[in-house]
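Below you'll find the structures, each written out as structure tokens.
One chain, subunit A, links the two complexes that follow: it is found with subunit B in the first and with subunit C in the second.
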Partner chain A sequence: MINKLRGVPAYLFLGIWTLFSLFPLYFMAVSATNTSQDVLASRLLPGGELFANIAKLLDAQNVGAAMTSSFLIAAGTTVLALIICSIAGYGFEVYHSKGKDVLMGVLLLAMMIPFAATMIPLFQVFAKLGLVNSLFAVIVPAISTPLLILLFRQSSRAFPTEILEAARVDGLSEFSIYARIYVPTMRATFAAAGVITFMTAWNNYLWPRVILIKNEVQTMPMLIVNLSAGYVTDYGVLMLAVLLASLPTVVVFLLLQRQFAEGITGAIK
Partner chain B sequence: MDRRRNLTGWAFLLPASLLIVLISFVPMIQALLLSLQTGRGTRLNWADPLWYNYTRLLGDEIFKQTLFNTFVYLIIQVPIMLTLALILANLLNNPRLRWRAFWRTAIFLPCAVSLVAYSLVFRTMFATDGFVNDFLGMFGVAPVNWLGEPDTARAVLIIGLLWRWTGFNMIFFLAGLQNIDRSTIEAARMDGANAFQVFWRVTVPQLRPIILLTAIMSTNGTLQLFDESWALTRGGPAYASMSMSHYLYEVSFQRNPNFGYGAALSYVILILVAVLAFIQLRIGDKRDQ
Partner chain C sequence: MKRTTKIATVVAMTLPVALILSGCSGGDGGSGGGSGDDNTLTVWAWDPNFNIYAMQEAEKIYQQDHPDFTLDIVETPWDDLQTKLTTLAQSQEYGELPDIFLVQNNAFQKNVINYPDLFSEATDAADFSQFPQAVTDYSTVDAVNYGVPFDSGTAIGAYRTDVLAEAGYTVDDFTDITWSDFQTKAEDVLAKTGKPLLSGQAGSSDTIMMMLQSAGASLFDADGNPTISDNPALEKSIETYIDLVKSGVFTEVNSWDEYIGTFVNGAVAGTINGVWISGSLQTATDQSGEWAVTNLPKLDGVSGATNYSANGGSSWAISSNANVDLASDFLKSTFAGSTALYDTILPKAGAVANWIPAGDSDVYAQPVDFFGGQPIYADVVTFGASVPSNNTGVYYYEARDAVSAAITKIMGGADMASALDEAQSTVEFAMG
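== the complex of A and B ==
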């Protein structure tokens, strides 16, 4: 009996925090189906306004274009980041040398540079290149990150050197060893790195806000902020847009939660 | 052969390293030079004296307000969040706990939502005629103008940050706890230590590297706070909840863009990040001995 009661505070604490965690998401989802007045009247049950809200949202904003931009940015960043950072992480570990350790240390320092401190010169450079309003300018700064390189370097430790030697004896070139043997065996690391990169790129707000000036070029996070900045906010429509902006990353999270956790913590092991 | 292989290795590192140099290090130096210039738009000249933008910051009341706000968030939010994350991780690490996967997913889920998305949900819930006031009204609490008063606006922003980031840090602690030998905990239990003593004297000391890491990451993140200030409180009322990065954006890209002054502001953030990380590393090391 005492043993059973001892767990009660733990479950109570977890229960309260879980409620706190889930409630805003529930609020967002039900509000997407209610009118603005109902949202402000704190109606917490699903309503019948979903299709009306969808119609109003499509009327006010070009959701399709924003979804496409967000998707192209997130997918483009993920593909390029996986290629560039995995090659580097592999290089750091497999061709290990003192000089490369020094370089890794220097690259890790870049993690401590706040984005705020590089944002203005980056904007100037992309403006000079005529790349303002281009999705390419959104993607480039997000491709190579020290964290991702570190993640690949740390997991490359598990890559067996015997396979490497055997492949060399078989006459495979150094690059084909990476492409044909390393990549398939490191699928788990690629999944983890892919999930965090995709989610970070999808959710990023500040840099797209800076570099995408034209109103017609916007990402989903930009769309929802613009929607809320109007003179009169329709809260039902706003919550629907927020729901749409969150859905892709929430689905990715629910399907690949383990990989996501591995991606954010993997570099420290 | 070995030399050729070594060169191949360097070639593998080249694209990623070059990108980081071009995207981080070069702009960082450009920002330093920019911070020594004045002028509007693209017409910039060397400032006279060179450090003019920095002295101007010292007399800028709005800058001081945003610096104050950032430190309020840092000093109040980060310790509360890390403590909560540590407690939650410790509870979830108990193998006898039921529905562990459910608790973990629910607490971790906010990390999937973008910062501006949750900011707008919180903005809606904390509206004067919104859900939070309706809820408190059931207990006879008069409506609060959450986003219209300095203290409550900052409080709402802190609540938002706790919601979004506690689960994120919990995941780091959970990963750290898995590396702790459970027998050290069982042994302390056998010796008659209660749950709190085990947590404080056995678990926490072994997690110190992770605590240090999460503290540095959270400090870094708080100093760069932008999205919540922008979308949740809009920096208001007036500048009462605005973060430094938000002010930097306003100075650099809104109304009369002033890149030089913005760059000086960005260097204050850069120096604060470096100094605070250095202090935290020193404290973390001292406790090692």
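== the complex of A and C ==
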């Protein structure tokens, strides 16, 4: 009984904290069903304007095209980034080479270069390759990140070398060891890395805005900014677009929630 | 086996490094892939209900005489348009530029002076004597016109007539007045109705910039040197603003959205801003008929003070990658030559013309129900002709930011002269 009571303040604290965290999400969802004027008046109850807002949003912006572009970019980036960074992280940890720590240092230094500094040369490269307006130009610069390589390298420390030796003795090729033994055991890390990459790619704004010029290839974050760039903003429609744009990342996170937590704690361990 | 391992190691380690560092490689300029046929113009602009709508209507008008003509309009918010211009200029990929792009008036000179290769001269795109001088000045560099003025940033004072009536005033009591008159009357309105007359974003210098321009003053002299220190008009503007805030007749809020909310929700009974704010005012449908528009109060004791000013506004630029003849002819036949265009876009979008001949049209004299039947657009065109020029230059935004920071300090109790001296040296430092 005393033990149970002891938990009360903690639950109370966490409960209040949860309310604080959930409130913006609640307000976003409710606002999508209200008029602009109601949103500005901070109306907290659901209204009857959802369908009107949907109609206005579809009329003003090409939501289907933006969702498709965003999804192709996020999915493409995630798949390629997981393959490349996991191989790199695995390689950094499992193989031994004199220069690898220096190379890792270079990688980590690269994390410190702000994107704005590399954007203009990057644009020149893609413009010369004729890839302006191509989704490929958004995906390629994002498929290798020091953070993911570091995450995979750290997680690979827990990968038992005995298995590696045994597999080699059994005659498994190096790539098969990676593909058939490493990948399945590192599922949690893949999930964590997948969630991080998908969210980053989905929310990426500056680079897509610069390299994707045509309306047909704009992404969801670009669409949301379009909605609030005019003299008169319809806040109900804006909130609806924000809600739509957050759904895919919410779904991806919920699907991989458990593995995500394991992957992150595993990486720290 | 061993060799495969080594190769795999090398590939696995160097590939990601190469990819990450790929952005660091350099290269010199060259032409990109932007193209269009002889009858198509590409346009970058923002706001589908305003600028883009106006462009679409202009396309229809031009198509009457040129049936094969089409526009390809790309929706690009201003901040992103600026990022794109900077990226294209610095990477020298001018081939990706559209034919026509919209530029904020305050940023026009900065872009022409910093990146002259982005622009073509717009000399043949309008008869510039048919625009107010203050408006063409924004896009004129070394006596050459680079832009066709479109969106009028003419400032208005808009007030709730019902609230004024409750305190015993009409909108006429707020017409052709000085800021000290305004202060007295607004305090009275606040005392009697509990409603402030103005609101704005804390840390924003919009209101002060409008006050400054209304006296024909600016943050730079004719040679482009900053004049933030020892600028009597600026000091008077800041003093006036601080008095408004301290007496409670000007409510400061934290964000643009909150600012819009203050009058849409009826918490504040007026606003002073560019005429484009009328679009946001009219979203408060329950307040229809209870608003009226007049000119601004003028600064007390400042030479050259007027009741007219501007905030924002934008002009069409022709890029260096454009089909210049077609783009010039298109702009000259529409935004600088078609009353029909302005007659169409005015009632639907509230897009007030800078092009003086458009103001004579009957459409401008139509009463607007939201403003109690007042023909506000005809009034705004009249105001527009009296707005003093604003000297923007290359470092306008840096100077504005420095002044905003100074205002925050002065509001916090710092000495005005030393805060403005500091702002002056910040801008001088930025100018190098």
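Keep this in mind: the second predicted complex is superposed on the first by the 227 of 269 C-alpha atoms of A that agree within 3 Å, B and C clash if a C-alpha of one lies under 4 Å from a C-alpha of the other, contacts with A are read in each partner's own complex, and residues count from 1 in each chain.
The rule is short, and it goes like this: contacts are C-beta pairs under 8 Å (C-beta built on N, C-alpha and C of every residue); 3 or more make two chains touch, one makes a residue touch a chain.
In this text the structure is predicted, and so the values were computed from the model without any measurement.
Q: In the overlay, answer first, second, both or neither for which of subunit B and subunit C A:A60 touches.
A: Once the two structures are laid over each other on A, A:A60 reaches subunit C alone.
Q: Identify the partner contact of A:I87: answer first if only subunit B is touched, second if only subunit C is, both if each is, neither if none is.
A: In the superposed model, A:I87 contacts both subunit B and subunit C.
Q: Answer with first, second, both or neither: which of subunit B and subunit C does A:G130 touch in the superposed model?
A: The answer is second: A:G130 touches subunit C but not subunit B.
Q: Have a look at where A:L72 lands relative to subunit B and subunit C in the superposition and call it first, second, both or neither.
A: So A:L72 meets neither subunit B nor subunit C here.
Q: Figure out whether A:S21 sits in contact with subunit B (first) or subunit C (second), or with both, or with neither.
A: A:S21: touches subunit B, not subunit C.
Q: Look at A:L164 in the shared chain and tell me whether it touches subunit B only, subunit C only, both, or neither; answer first, second, both or neither.
A: A:L164: touches no partner chain.
Q: Once the structures are superposed on A, label A:V242 by its partner contacts, choosing first (subunit B), second (subunit C), both or neither.
A: Only subunit B; A:V242 stays clear of subunit C.
Q: Under the stated touch criterion, name the partner, subunit B or subunit C, that contacts more residues in subunit A.
A: Partner with more touched residues of subunit A: B.
Q: Counting only touches as set out at the top, which of subunit B and subunit C does A:A191 meet: first, second, both, neither?
A: Neither subunit B nor subunit C is touched by A:A191.
Q: So, does A:G230 touch the first partner subunit B, the second partner subunit C, both, or neither?
A: After superposition on chain A, A:G230 lies in contact with subunit C alone.
Q: Quick check on the output: what are the common subunit A residues between the subunit B footprint and the subunit C footprint?
A: Residues 40-41, 84-85, 87-88, 90-92, 95, 97, 100, 103, 107, 110, 113, 115, 118-125, 140-141, 143-146, 149, 174-175, 206, 209-210, 225, 235, which sit in both footprints.
Q: Could you pull out which subunit B residues touch subunit A in their complex?
A: These residues of subunit B touch subunit A: 5-6, 8-13, 15-17, 19-20, 23-28, 30-31, 34, 84, 87-88, 91-92, 94, 96-97, 102-103, 105-118, 120-125, 127, 129-131, 134-135, 163, 166-168, 171-172, 174-175, 210, 213, 220, 223-224, 226-227, 230-231, 244-245, 248-249, 252-253, 259, 262-263, 265-267, 269-270, 273-274, 277.
Q: Hey, which residues of subunit A end up touching subunit C in the complex?
A: Per the stated touch rule, the residues are 36-37, 40-41, 60, 84-85, 87-88, 90-92, 95, 97, 100, 103, 106-107, 110, 113, 115, 118-125, 127-128, 130, 132, 140-141, 143-146, 149, 173-175, 206, 209-210, 213-215, 218, 222, 225-226, 229-235.
Q: Can you list the residues on subunit A that touch subunit B in the complex?
A: Residues of subunit A touching subunit B: 7, 10, 13-14, 17-18, 20-22, 24-25, 27-28, 31, 39-42, 84-85, 87-88, 90-92, 94-97, 100, 103, 107, 110, 112-125, 140-141, 143-146, 149, 174-175, 178, 199, 202-203, 205-206, 209-210, 220-221, 224-225, 228, 235, 238-239, 242, 245-246, 249-250, 252-254, 257, 260-261, 264-265, 268-269.
Q: Would you mind writing out the residues of subunit C in touch with subunit A in their complex?
A: 1, 4-5, 8-9, 12-17, 19-27, 29-30, 32-33, 46-50, 74-75, 77-80, 83-84, 87-88, 90-93, 95-96, 257, 260-261, 264-265, 276-277, 279-280, 283-286
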